[in-house]
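Just below is one structure, and these are the notes that go with it.
Chain nomenclature is as follows: A, B, C, D, E and F, assigned in order of appearance, with residue numbering initiated at 1 for each chain independently.
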């Protein structure tokens, strides 16, 4: 159960409905995820979060599926169960296969291991990889 | 400075040289990154880490650049400076542009923000996204 | 279920009862939270944890509610469900409203996003903000 | 050094200048922090980040200083040096004293310790604190 | 429920069975933990993960129980419930008592608190502790 | 540089000197680490942190070196450079060899990788490992 109630469309203010409508149109669905219904308790947060999600996750220099895989990878690193499940669904819709999911998990595990190995030994950055701007 | 000395090729045991040789051949370079030179203090760790890196980061269901972007995304989440710089270089070599880098940062930021928002509100997983296996 | 049993008052040693009594007096309640009952398996840890909590969370240069909001913010960042729920209750008791909770979540999300953005770009500290002591 | 160059006002596009102008007006300063100059490499990110910062950190149900303390607390938890220094400056400007800073550190330490203690013992949420919405 | 189905021995390929056999022989048990059954969906990951676990957790310069306590400490820090429970069982088998478990929790809490205190104050490393290699 | 100045013995109040004296006696040294000199800006925090460190890190059910290895493991996981260096020194003094250090790093890397693998697949706890108290 969430710490705030879920606001259903029929109980929503017009500001909240406008966001729900945009979500449903943009995603071509009539389903609103729980996260939006909970965020709707604070309409300004709902709008800001949805706008950022819509803008950032849209295909650009990276395509849709690559962005979803990156979102998944961060959520696995932070161990966010809700996010893994919802973005697993989004990534599947964008074409992720079981084999691709397994490779994301492998890279995420490797990087989490590697990040700590480097920190433990306090390896200095090779001169050729130093940022210089 | 690292907490252990860097083992140069000329000072390395044959077990360590075998790994260095494989790194240079696989990557088509004559340069060995600092991380490997430090790990060489423990040849078993050097070999295991290199084998995992070589196997996991090879193109498979995901291509090389996608894997590098995911590695970068995890390293940004964990704020590992060494890893961001070395995998930035690897991703550039695999074709990452400035625009792609900027989009990785944006998705990583969004996911780190989203993961905490969901945790804060303790949003329950929508029934349709529940894992069921 | 916890990994250790919960020690109830009637089954507690006098050392544990002394802490329980202090908790109930200090908080003006007859209820002991599960965390204390589990920590009671190691009376020294129970006493040390309670003393630190009592001392640190008392009003000082910061008032009670500000301290509770900060505790909540850290727990959201670390995604600790138990801590979010118990400190949500404590913050409510100290005056936190729904609107304040929503703003804590927004700042926590923003900071988690911002921390990674800065790390990703490896932004150097502006000279004027450098610590100098 | 950052991984991207810093865009100075004189070299900035009009879109970037518009954000810089808004930052300087809103903050009543003629100084632009490094983070914005680096983000300016991707004008859409610059604008989105600044808008979120401006909107979320404005006084609302919580006042300016409380929001800055929360931002600091998250940055300490994530160990982001750049963010600690810049938001230390912002919190000082909003009235934070040395004593308040020390209390933020103490609460942040306590919460980070407490979050892991609860996780280690896997303490179940007391029925009275369960979210129920 | 897991996001992938658990592969039982009778349904497993010969490659997966070979790993299961090695797990059962090495651990002197006829039980295969859920993590291996889920990883079996990707036989290469199963084999690599098991090999790393077997090699790294074997007694060496550190004995079995010390390695299990370290694994537990990391899992408590990352708040991984599955890992705490399975490695609690492994540590118990290796001789961990309730008192030892309580001391691990105390050190883990102290270190998580200390890590943030040092970050918050940005304490510079004492010259005598600087790595110099 | 730290965000607060370091308080030297000659400039310290009697309350701070009492802690410094106890540190030097307990550790049989005439050197005070930077962390204590910075914490001395808030004498109550200095005393509480030192008391907790002294009590928790003392040999008990676990011996001194095991506790230092656990402290190191957490600091590697959190990537705290100051803590890795100072506790590396403490662990060396307690008998840690290069080979032991390398094995700590390997277990820490494995656990950080394993924690995310389990989270990614959302593996449910095996019934036999469920906490039941």
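The working rule: contacts are C-beta pairs under 8 Å (C-beta built on N, C-alpha and C of every residue); 3 or more make two chains touch, one makes a residue touch a chain.
If you're wondering where the values come from, they're calculated on a predicted model, not measured in any experiment.
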Fill in the blank from the handout: Ordered by label, the neighbours common to subunit E and subunit F are A, B, C, D
Problem - Fewest touching-chain hops separating subunit C from subunit E - result: 1
Completion exercise
Looking at Cα centroids only, farthest away from subunit B lies chain C
Exercise for the section: Specify, for the interface formed by the sequence copies subunit B and subunit F, whether it is same or different in terms of residue numbers shared by both sides, with half as the dividing line. Expected result: different
Fill in the blank from the handout: Chain centres computed over CA atoms; the one at greatest distance from subunit D is chain E
Handout entry: Magnitude of the superposing rotation for subunit C and subunit D (Cα, nearest 5°)
Key = 180
Fill in the blank from the handout: CA centroids of subunit D and subunit F: separation to the nearest Å works out as 27
Practice task
Take the average of all CA coordinates in subunit C, do the same for subunit F, and state the distance between these two points in whole angstrom.
Solution key: 20
Problem - Whole-Å separation of chain centres (CA-atom averages), subunit A against subunit F - result: 34
Practice task
Going through subunit F residue by residue, note those that touch at least 2 other chains and give them in order.
Solution key: 1-4, 48, 52, 56, 77-81, 84-85, 88, 99, 102, 104-106, 108, 110, 112-115, 117, 119-122, 130-131
Practice task
Spell out the residues on subunit E that touch subunit F in their complex, using ranges where they run on.
Solution key: 1-4, 31, 33-35, 38-39, 49, 52-53, 56-57, 60-62, 66-67, 69-71, 73-75, 77-78, 80-83, 85-86, 88-89, 97, 99-100, 102-104, 106-108, 110-115, 117-126, 128-131
Practice task
Flag every residue of subunit C that touches subunit E in the complex, lowest number first.
Solution key: 3-4, 41-42, 45, 48, 78-80, 131
Exercise for the section: Going by the contact rule at the top, pick out the subunit E residues touching subunit C in the complex. Expected result: 79, 84-85, 88, 98-99, 101-102, 105-106, 122
Exercise for the section: Quick one: which bits of subunit D touch subunit A in the complex? Just the residue numbers, please. Expected result: 1-6, 44, 48, 52, 55-56, 130-133
Completion exercise
Residue positions on subunit D within touch of subunit E in the complex are 76-77, 79, 81, 84-85, 104-105, 108-110, 112-117, 119-122
